[in-house]
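To keep things simple, chains are lettered A, B, C and D as they appear, and every chain counts its residues starting from 1.
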Amino acid sequence: MKLRENEINDHNNLLKGSHKVRFDFLSKLIPESESIISKLINFQIAIPSWALGSGGTRFGRFPGGGEPRNLEEKIEDVGLLHKLNCSSGAISLHIPWDVPKDYRAIKNLAAEYGLRFDAMNSNTFQDQEEQVESYKFGSLQHVNKAVRKQAIEHNIEVIKHGIELGSKSLTVWLADGSCFPGQLNFRKAFQNTLESLREIYAALPDDWKMFVEYKAYEPNFYSTTVGDWGQSLLFTSKLGPKAYTLVDLGHHLPNANIEQIVSLLLMEGKLGGFHFNDSKYGDDDLTTGSIKPYQLFLIFNELIDGMDERNMNHASGLGWMIDASHNLKDPLEDILQSVEAIMIAYAQALLIDRAALKEAQLSNDVTSAQEILQNAFRTDVRALVAEARFRSGGALSPLKLFREIGVRNQLIKERGSKTIATGL
Amino acid sequence: MKLRENEINDHNNLLKGSHKVRFDFLSKLIPESESIISKLINFQIAIPSWALGSGGTRFGRFPGGGEPRNLEEKIEDVGLLHKLNCSSGAISLHIPWDVPKDYRAIKNLAAEYGLRFDAMNSNTFQDQEEQVESYKFGSLQHVNKAVRKQAIEHNIEVIKHGIELGSKSLTVWLADGSCFPGQLNFRKAFQNTLESLREIYAALPDDWKMFVEYKAYEPNFYSTTVGDWGQSLLFTSKLGPKAYTLVDLGHHLPNANIEQIVSLLLMEGKLGGFHFNDSKYGDDDLTTGSIKPYQLFLIFNELIDGMDERNMNHASGLGWMIDASHNLKDPLEDILQSVEAIMIAYAQALLIDRAALKEAQLSNDVTSAQEILQNAFRTDVRALVAEARFRSGGALSPLKLFREIGVRNQLIKERGSKTIATGL
Amino acid sequence: MKLRENEINDHNNLLKGSHKVRFDFLSKLIPESESIISKLINFQIAIPSWALGSGGTRFGRFPGGGEPRNLEEKIEDVGLLHKLNCSSGAISLHIPWDVPKDYRAIKNLAAEYGLRFDAMNSNTFQDQEEQVESYKFGSLQHVNKAVRKQAIEHNIEVIKHGIELGSKSLTVWLADGSCFPGQLNFRKAFQNTLESLREIYAALPDDWKMFVEYKAYEPNFYSTTVGDWGQSLLFTSKLGPKAYTLVDLGHHLPNANIEQIVSLLLMEGKLGGFHFNDSKYGDDDLTTGSIKPYQLFLIFNELIDGMDERNMNHASGLGWMIDASHNLKDPLEDILQSVEAIMIAYAQALLIDRAALKEAQLSNDVTSAQEILQNAFRTDVRALVAEARFRSGGALSPLKLFREIGVRNQLIKERGSKTIATGL
Amino acid sequence: MKLRENEINDHNNLLKGSHKVRFDFLSKLIPESESIISKLINFQIAIPSWALGSGGTRFGRFPGGGEPRNLEEKIEDVGLLHKLNCSSGAISLHIPWDVPKDYRAIKNLAAEYGLRFDAMNSNTFQDQEEQVESYKFGSLQHVNKAVRKQAIEHNIEVIKHGIELGSKSLTVWLADGSCFPGQLNFRKAFQNTLESLREIYAALPDDWKMFVEYKAYEPNFYSTTVGDWGQSLLFTSKLGPKAYTLVDLGHHLPNANIEQIVSLLLMEGKLGGFHFNDSKYGDDDLTTGSIKPYQLFLIFNELIDGMDERNMNHASGLGWMIDASHNLKDPLEDILQSVEAIMIAYAQALLIDRAALKEAQLSNDVTSAQEILQNAFRTDVRALVAEARFRSGGALSPLKLFREIGVRNQLIKERGSKTIATGL
């Protein structure tokens, strides 16, 4: 489904008046509003191809309708989102779910929608129909060399697809681990994984990055072989300069201080990218910002501070991606909410008075340090985010417009109500 | 698959010698060993029909082969387990996965294997093919009366199946809850659920029990409507004397003191039954006793103490059931390990010197209280458990025998390697 | 220390201009702003007498200077805070730290500052010099009747002090529990505690409330006898209509859904009051709103919804109190920040479009339900809170004024730099 | 207090008979029992000087009597413990609590009791009377160079004391961190700490080790600057070959897999030592093995496996120390229980059939791997531990003898009932 010519304009014309009041008020309060807006305009969050359909749990899945049936329709969906919010200008593919049949056609299609191909994702946590070896007991860690080899080759194949599409990074998320004490020799599992990663790393083009994602638990429930940032950093340090650690917000033990992890990884020059989502209990994969918006803000505070210190470009210095599971909401609406929450957190973090913060820190003025952060967080920056979108040609209220024009019904009409997108 | 006539005997004859040495030693040390053995003989743990096949996670499932294809084969599997360990003399069915076509035939089959029908389990957390209303947004809590009605009627139908089979209890586990703040009016959800449970309760025969299971989270990731023991107790207190709270070991927040909960529910006369498993992170559904065996022992300590105080029969006073997910191990082997761990914990808890413990408690002698518990836990009671099994006609080492006679290969031969049992 | 006559006026005159711009903008956006302001004006949060000095941990304490040396100085400090923010019009005393020598004088002093006496707090978690029996192994739960009696009598004495001062409630927080498995008979501990609470309850005047506070752990590290809301509710239900459960935000297991607990306690008519603070790990007792401001907002959402349903007065229907430990910040500044965060959360929750929320809930429109809550939370309501304060005669920016007039230095000058207030 | 000449002999003579029965039975079952016994004999666990008195929490402390009043009495207490169990042949000192006045006298005294001086501990988490700069906002991380310098010099002084006493290691546990978002620049705090540690490292003799301990939280409740093993490893890797990571069992986030951390640190050659205790919630500092004995066993499993792989001597390859807080029990009894639990876990882990385990791992036989571990854990090895003690001249039942001869009463008589040892 595509938007009709004037749909965004018509929508904006109706909201422009009240938006202007808010924006004018805000821009007067915030001297640096123009600089913030231009950063917001540049900031793009990749949408994962597998998050466009209904997600589920081991207990079941309740699909909505109109889910994309193939890679083309996935690109179409992300294109629609990007049209609406002008902040989702990239798609992240997952192999084997998204193997392109015709690279050129796919690239052209993406270009039509203004989309880049973000990080490529491999899958060695499931067994595919045609697969010879099983990943039941791990992939890159496996005690059996043949299994490791198969998993390595799969990753190299994923890189090849990525090269064709113009992607510049590979995300390796491993489910590898164990469910019971004794199952695994932890050191052997680490060494096997390292050796496997080295072979994949060797196949990486010079201008590519490899992201090694960590996760505390699930689907293995006793140990995970890349289980925390410390383990990921061990791997990426041993691998070399193209290897980076990737942080997924839901992949930590309870109460972890994620913003501190982010800060230290940036200090070490080893933070590679982000998977945004939110959670209350485990890897709940909820809408970004729906549970702990202040934590999201604090993470952006560290990102900006650490990236600025290293002169990294906010937009291109790290890989930004949503990774959520949309079990109950319309997946596209859910993504719109996530992107909005990310943009708000980013804008608020840009608002922080860093000179004052530094001064408060240097004088151990804890009260003021807190005030400075809260002052930014409590500011209603939505008009700034909307203005950035507006200037880029997007909708002032993407979610509102999404509903007004009946996207979901249209998609169901086009694709049917029983389609199920590949994913979890 | 059935055991051949002498298989257990032959196995036992080989192990009898070394068993006798251990048992003789132990029975000399433990004056009350005969009384413990007779309690162990009586103690039976129900096996859930859905745990006989490979379990999985939202990320995938790696089925083994030879999984039971229907209710008859499930009964056959539990029968085999019971033959081996003489402690699994009951099966717990799940509707609609186990709808019996011919009650009499099923009852006869179960009787052949010496099996009772334990608690019946309803399923309102998934949508079935033929179902009119969807449980996407809950079942007994649903804002729409029609959905609630459908879920109520399903539960009543489950009761009816149970009556035919001679079951005496219904376990209601509700996935009902919400994934996002705002989604639910908590009080309305509670009231709707209560009203629905009341209708089900009204359909319960006089000699039945209703178990209301609680769970902290999953598959809903913000709130669960029967989320902890306090909420379950609110429901069961309002429902009436046939309603009880059911404790599943994996359904708590991190670090919860489950043994205290058990003790208080017994004090209130409202503990109904148990779902055994183990976990490190969440509802990991691992083999019972594989992660926290001391916790299992402490729970049995409270169970025995509380049941004895109320003159409850250990074997029949509560519903005992395994509820695990066998993702990596042979499900039948996994169950044998769980049952063994439960019997060991029960035997150790029976060993506790309760008079001495009481005295230590009354004099705040914390050191001694700890010594008394640890003394029981550190005792190697395996020979007692084996002796109980032996006297009942079971195998001295069920797991060993299971492997020696190649059960899994035999099942694969009979049922094929691609069968997938109903379950999660 | 007292504010000089025109200090607040002078301060406000300087800020009035920029405040007016913000307030005018906001009040145009929010039709119900006047009603919100009048609710904010009425809302008062009690300050605990023990939070006016530096708190500490078991590892140490780093006192600031100028801490109040006696009850009179504590009242003076709360009076100063109330003068500044007009929202701290009550003080909560702790016995034996705050035993008044002359009731009339103390009452007059408090009246001078416009302060009420909120809930009285007993202390049976420490041994006092003159005490006969030790609370090492508990107080109301103790196996020894003499210890229980002493603790009961102490509570009754606390009530008597409260009656003299015009307080209307007693908060019972029990450290009672155990540090090791076996130490305690959980049921006996419960029964002893219940019996003890009944004796205290019997001494309660008709117009008083008794708040039974729960806490998951600390200072006992294995079990706590009033360990969660379910246990507290068991006690308060058995005790009678004057007994209520008190919620302290830091007293839960990791990831607990506190807002749901609040909602259910209100449903049962058994929520009594609140201890505000914030935490990341355990009972960290940090400044309210400094870690999880969205959770605070969600709790206020439930409070308003539940209180309105029962026609409870927001200001007087429940007991509102801060209970934090000020280890690093100036305690008075810390309290000003806590009160501000509470007022903001309350104002945001008042902003929620409840009709729309209800409609979203009834149609399972999860996306909209989230939007409605986030819309309120993302609104910058600080000008409303400031306006309420302004109209009551308080300072537009209490914290700013506190620093401008050098309160801490003044207090140090008056009281010395080595004073240590009673507390933890 | 010293034991009388024949006290141990008399005690042993009474228990020898029943011990022999158990030991003979066990040694027949376990072919490698002699080798295990000799390892147990060599294994010594250091006792921290600060754990000999009653510990407490921020809510209070309930001292027993007879606590050691000075360093000499602390050595006497550890000497007594070592006499009883022959496994506590080292003491770990804490400066400034244990500054020796006369090195030679102290060394002679320790030698009399057969005690070594284990790791020296510095203290920069509290302010001492005479101290110029305050550690309120950290020590080695402090924004102010003067504070860092003071803390560095303190550590160097601690090393000097250690050199005089023959210690070979320094344990640096830092409380440094922050309580509120914004308070700290994480990277600056890391860099300051690193720089400070480097200065201390430079003062370390060639044959010394520096242990950098990590802790997730407490006494800081937002961030800790050496917060997890990953951060500690970053520090120790940057520092050099004499720097190692120290693991305290209670210093992790909920559900952390500590045994995996241990395994990886050994793999990296960076595990330095251990602080034993146990916990249910946070850093509860309970008796080792009192809450999660299976976890303790699993950790020893990894320790043995990893140390053997690197040909490390079990007894001397790592620093072994108890670090607990004895709030409710007699501290000396508590330590005896901890040491016993450690010896049991060590003996059980030595029992593991490593060849079979390796084979099970290589064939992904998860069931067998679990059986092999559980088989070792379920074995009652207490007679082996007792035999090792017996052969070394210790008591068959140290705790029993401790009580029989009335140690505590004797200590109270000697030292008074109101003494309070230095510590927490």
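A few notes on this one:
Just so it is clear, a residue touches a chain if its C-beta (ideal position, glycine included) is under 8 Å from a C-beta of that chain, and two chains touch if they have at least 3 such contacts.
Just so we're clear, the structure is a prediction, and the values are computed from it rather than from any experiment.
Chains that touch both chain C and chain D are the following: A, B. Farthest chain from chain C, judged by C-alpha centroids: B. We define each chain's centre as the mean of its Cα atoms; on that basis chain A and chain B are separated by 40 Å. Note: centroid distance chain A to chain D, computed from Cα atoms, is 43 Å.
For chain D, the set of residues that touch two or more other chains comprises 136-137, 179-181, 183, 216-217, 222, 254-255, 257, 280-281, 287, 290-291, 294, 328-329, 366, 370. Only residues 136-137, 143, 178-188, 190-191, 216-217, 222-223, 227-231, 233-234, 252-257, 259-260, 263-264, 266-268, 294, 298, 301-302, 305-306, 309, 357-358, 360-364, 366, 369-370, 372-373 of chain D touch chain A when the two sit together in their complex.
Residues 55-60, 62, 125-127, 134-137, 175, 179-181, 183, 216-219, 221-222, 254, 279-282, 284-287, 290-291, 325, 327-329, 424 of chain D are the ones touching chain C in the complex.
Contact residues of chain A toward chain C in the complex are 22, 25, 29, 254-255, 257, 280-281, 287, 289-294, 328-330, 333-334, 337, 341, 344, 366-367, 370-371, 374, 377-380, 382, 399.
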